[in-house]
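Presented below are the structures under discussion, each in the form of structure tokens.
One chain, chain A, appears in both complexes that follow, with chain B as partner in the first and chain C in the second.
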Partner chain A sequence: MNAIALLSAAKDGVLTGSVYALMATGLTLVFGVMDIINIAQGILVILGAYLSYALQVHWHIDLFVGLLITTPTMFIVGVVIERAFIGRLKGPEKTAMSILVTYAVSLLIEGALNMIFSVNDVQLQASYVSKSFAIGQVHFGFIYVAGFILAAVLLGSLYVMLYRTRFGMSVRASLADQASAALVGIDVRRVSTITFGIGVAVTAAGGMIYGATNSFNASSSYDLISRLLTIIVLGGMGSLGGAMLAGIAMVFIGDVVGVVWSPVWSTMAYFVVLVLVLLWRPQGLFGRASARVA
Partner chain B sequence: MLRARNLWWLVVLAAFGVFPLVVTNPTYTTIAVFTVIYMACASSWNMFSGYSGYIALGSAAFYGTGAYTMALLSIHLHMAPGAAMFWLVPLGGLVAMVFAVPIGWIALRVRRHTFVVITIAIFFIFQLSAINFGFTGGTSGLNLPFITWGYQYYNVPFYYVGLGLVIVATTLSALVRRSRFGMQLLAIRDDEDRALGLGVRTHAVKVTGFTLSAFAVGSAGALYAMFVGQIYPQFVYDPMFDVSIALMTFLGGLGTLSGPLLGALLLEASQQYLTIQFSNGSLYLILFGALFLIVIMFMPQGIVVALRDRVTRRAERERAAVSANEAPLVHDVPRDVAVGGAG
Partner chain C sequence: MKLGNRRYLRALTATALAGVSMLTIVGSSGASARSHASASPVKIGISLSLSGDFSADGQAFQQGYQLWAADINRAGGLLGHPVVLDIKSDASSPTQVVTNYQALISNDHVALTFGPFSSLLSLPAAKAVSRYGYALVEGAGGAPSVFQAGLKNVFDVSLPVADDLMPFAKWVTSLPASQRPKTVAFVTSNDPFTEPQVTTIEPLLRKAGMKVVYNKVFPAEVTDYTSIADAVAAAKPQAVVLGSVDVPTVSAFMQAFEQSGFSPKAFIATGGPDQGATFLKAVGGVKNASGMMVPNAWYGGSANPLSKTMVAEYVKKYGGTASQVSSDVAEAYSVGEVMAQAVKATGGFNNKKIMAYLHSGATLQSVQGPVRFNGLGENVVPTAFTFQWQGAKFVQVNPAGDPNSVKVLYPKPAWGKG
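Right after this comes the complex of A and B.
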């Protein structure tokens, strides 16, 4: 328990938290535009990680170069899931049904991954994965810094796309009010499909960094999805900035508790903080109060 | 018509009652014990989530709490292994209810979608507590007093206690549905704001429903702990538990009385059977996921409602053919469809 350790916890919060924020952004974007809660996001991150793994082991493609292949692949996976299942859901119970449908999709993928890659833990390896450098007494792992830069670049381009392009304008219009967006000539169906695709595509980069910094198997998705869901709820569902802040807060709280108290309690501390925050603000940090009733 | 329906329930109950007398193979009675445990849980889960529309995915917290109540009390009271331990089964349910009050009070302050996530978070708090605290034995789990009933008949008492839980849960569910309280839950499902405006104390009603539904789940967890003899945090606080009972309920018919029972019977029995036959968890996940998708995409209201709709349509056709003659069946059925539908 000292200043260096706290500084180091803060550093981890920002570096690792930004990667969680990236994965959660896909989730919150999809919820905001489509009222869909994509429980499959966790297993899709793992799928992204396994894709990087397969490319590296079988074709010796570098993890970062591999993203040029895995990102479009994950985008297509997202579009297929949306067209096949999500887009068919209608009616007032759409959101509740989406939780079940995406859970089913997630079980299917989990079973398939277990069969293909077995349940043994793997971790992505590269010459730079375990290297680090130090500034003062604080150590920075290369892969964590690379993950942060990657997340920052992707979140930045997502921001530019949403706020500086015509497509982004139609996404935001659909986010604000689907019926009105359709009335002014926006093809909400197409916007939804592409948004879902983008929401899933970020799992390629997120999964690669996750896989390089953790050993994983298909059942790691349960831990991931619970974290991602709580991040978007803590940040306020549908809020992109909220997802950013909550992602960083999650890792930061966990690490500080780990340093000050004991690593055993770090995950639990975050969940307790989550419950307390929601007692105080049921709509999350940046959520609009009762913006979407039931 | 109502009497004919009650007769049906009695026939089914009798069939369940004589099952272990007819089928004595321990392999199958083991499957039967797990099946009644899940039937009780699904029925109870449906009483809150099905009627109110608030999908809870953290009931495993109650299941695990019941299991730990059974384990800790039987160990620390130095109970003689045997039938006396069954008294701890309802106690497990009561302890789960005690936990359910503050959990429900916190989690039900938010609306549906956030509620789902908060229940998941609370579930993980319970699981992590069981792993981290010393008195739970951590990941190495707890061993209960070892019961030395003969292999041939070991399952039978557990089966009947489990069946008793199913009866308790289903009776409670039926009573709730006919009561004013049940109407308030259904009103919350259909339009919470309007229900509030009409004077339903929505928060109190929801917390009460949530707490009531914890009883059978906690009891079932206690029964499970006694049945298997040793418990581990990752098995009694299992993330798949809630998905399973939600799927069972959706498969049978969310918000109906018999739906969760039918769904649990079909799914749990087939799951246990497949596990014994193939012992391939991955294949099972794929089958389970595919079945889940088919049910939700093609039968979103569940088997019970889909069947009733068919019966109703046929009866209506007949009625149209025989002109406007009284057809008592039709009067009975649509009321249930209206209650069970739109789930």
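Right after this comes the complex of A and C.
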């Protein structure tokens, strides 16, 4: 076994895993507050990537500068989806129905993206995308490091918003018990709409990093959503810290197993860990079983 | 009694005449119906990956099929019947492709079936249509597993994939020892299209003294290739043989190699660089693409007159240059050409007769060159080539000695310097 390859795999696991965590954040936040399983999260990440692509190709706007436009845009997209589709779901079947509704939303967006951008693969290009720096013999891609920093900053900001602001208190109250939150005067519907908007807004950054490190088309969303769902299951549905840890764990385990053993076993190794964790803690690493009882 | 007999005979005669008249009417209306049917469309059923992992290839295949259909209809159709393509999307799923062909045959009543994209889908597709007695003529199912299934209804008009990399292997092993890569990495997706190609040339390169410093298979569903590419880069091979099906896989390896400061002297990928403009766009243009090699049986610059006509039509319809035409387009177009010749030779749309004809050893013509099938449905006459991006041009570099081959750009230029 090559020690440099092993160190590189560990580095890739942490850097790439944090970007997956960022993409999964919206999913876990939305489920935590709204009991909604947003199957459209994958295609929303791709939509975020295509928005960056459009800004870059048509207006030559830098990928990171473009986030100042794509993030609010994605927030609005999220609010519209919540108002048009998600907010109308009521009753005990709400969570199950949300899977169908968000899948339909996903298909709508996928169809629109295929019509606008075609199914040909594209990749976000910038001078720094292929550049790297070395520490010893381990190379760090600038875009991956930037993705890690972006993920850390955005997840930190979300944490501060949730635990240091009045709105965050409303979100946490809604997360704990929607009925009780409403009884103490919290506008749960408004909190849900904004939370969904935030959950979609973070896909702008995740999508940009994903699009800069992978060729993609609208169909790339299918691979993404399956991975994002396993991240929030492992981390615990509704837990930001859990999403971060699980995102890194997913890529880290796969990458290290790929080097030590074989890439063929990468995916299986992660799922073995996932199953073992769920046997030990069915609610995931940081999930709270009681939060879902209500 | 006599009267009765006469009456009976008259009645019989009248009945017979009426019967003859009826038969004449029916016969003439039948002839009229047949005459009318000669102008009725003939439906061809196809399942294509218009979404999912193979969507870019699926779309290129669709263009190839549509280009052929437009051409054959301009020439009067198949035996006078205008061709209508009935295309269903399989989302790159080996399960959905079966459902699609069942629906195409049972519900849509297509007369003929053309193949989907990739060996992964061609095998289940061929099994599905064989249950209905249909021939499956396809252009992207050349993996050994497709032919080893023992089906009698599958016909692949393209190059069988196992020998795709042989011209590259012959070239690299023929280099003087001082120039020949001393180390090589084999890294391949576990796909029926890629693995046979890579495993075929591995012993040849070993025998030539090239040390294998990395040799691993990765699952087809991988979404992040960085760590695999980093492991290859850490082994520092002078030649890399990548078993890839699509553009995203190749572009991910190229980007990760560049970030690792690693540029091999020779880099060949089994699929991706042959995707013309799509490949260039994904890898950041010719400055990165230059030097990348890919095996295939066809390229946009082919001297085959049939190919030149098709490429001219393609460029006129979709734009771009000959180098930017995906080989998928030619593979799909060839399917139509081969089926058209089989229909013409058998004088109808009887799939049993078409299969017998295609198994007869007849040599047919296509934009990819001559086609002749063995008992397994493999095309036994095509020649494998290696193509390479050299600046903005996609050129044939192997086999060496072929009049259309140019010198290999070797060593490959560093990333961004092509």
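FYI, the second predicted complex is superposed on the first by the 284 of 294 C-alpha atoms of A that agree within 3 Å, B and C clash if a C-alpha of one lies under 4 Å from a C-alpha of the other, contacts with A are read in each partner's own complex, and residues count from 1 in each chain.
Keep in mind that, in the parts below, a contact is a pair of C-beta atoms (placed from the backbone, for glycine too) under 8 Å apart; a residue touches a chain by one contact, two chains touch by 3 or more.
Being a predicted model, the structure only gives us computed values, none of them experimental.
Colleague: Give one of first, second, both or neither to describe whether A:Ile4 is in contact with chain B, with chain C, with both, or with none.
Modeller: Second partner only.
Colleague: Between chain B (first) and chain C (second), which, if any, makes contact with A:Ala181: first, second, both or neither?
Modeller: A:Ala181: touches no partner chain.
Colleague: Let me test your reading of the model: by the given contact rule, A:Val45 touches which partner, first (chain B), second (chain C), both or neither?
Modeller: In the superposed model, A:Val45 contacts neither chain B nor chain C.
Colleague: Based on the superposed arrangement, let me know which partner A:Tyr222 touches: chain B (first), chain C (second), both, or neither?
Modeller: Touch status of A:Tyr222: both partners.
Colleague: In the superposed arrangement, does A:Met208 touch chain B (first), chain C (second), both or neither?
Modeller: neither
Colleague: Touching A:Ala24, do we find chain B (first), chain C (second), both, or neither?
Modeller: After superposing on A, A:Ala24 lies clear of both chain B and chain C.
Colleague: Look at A:Asn114 in the shared chain and tell me whether it touches chain B only, chain C only, both, or neither; answer first, second, both or neither.
Modeller: both
Colleague: Would you sort A:Thr267 into first (chain B), second (chain C), both or neither based on which partner it touches?
Modeller: both
Colleague: Is A:Asp255 in contact with chain B, with chain C, with both, or with neither (first, second, both, neither)?
Modeller: In the superposed model, A:Asp255 contacts chain C only, not chain B.
Colleague: Identify the overlap between the chain B-contacting and the chain C-contacting residues of chain A.
Modeller: Common to the two interfaces on chain A: residues 110, 114, 222, 264, 267.
Colleague: Hey, which residues of chain B end up touching chain A in the complex?
Modeller: Within the complex, chain B touches chain A at residues 53, 55, 106, 109-114, 116-118, 120-122, 124-125, 128-129, 132, 192-193, 239, 243, 246-247, 250, 281-286, 288-290, 292-293, 296-297, 300, 342-343.
Colleague: Give the list of chain A residues in touch with chain B in this complex.
Modeller: It comes out as residues 31, 37, 85, 88, 92-93, 95-97, 99-101, 103-108, 110-112, 114-115, 222, 226, 229-230, 232-233, 237, 264-265, 267-268, 271-272, 274-275, 278-279, 282-284, 290, 293-294.
Colleague: Going by the contact rule set out above, which residues of chain A touch chain C in the complex?
Modeller: Listed in rising order, the residues of chain A that touch chain C are 2, 4-5, 8-9, 12-13, 16, 110, 114, 118-123, 125, 129-132, 134, 137, 139, 141, 144, 213-220, 222-224, 227, 251, 254-255, 258-259, 262-264, 266-267.
Colleague: Which residues of chain C touch chain A in the complex?
Modeller: Interface residues on the chain C side: 50-53, 55-56, 58-59, 91-92, 190, 216-219, 221-224, 226-228, 230-231, 233-235, 246-248, 251-252, 255-256, 258-261, 277-278, 281-284, 288, 415-416.
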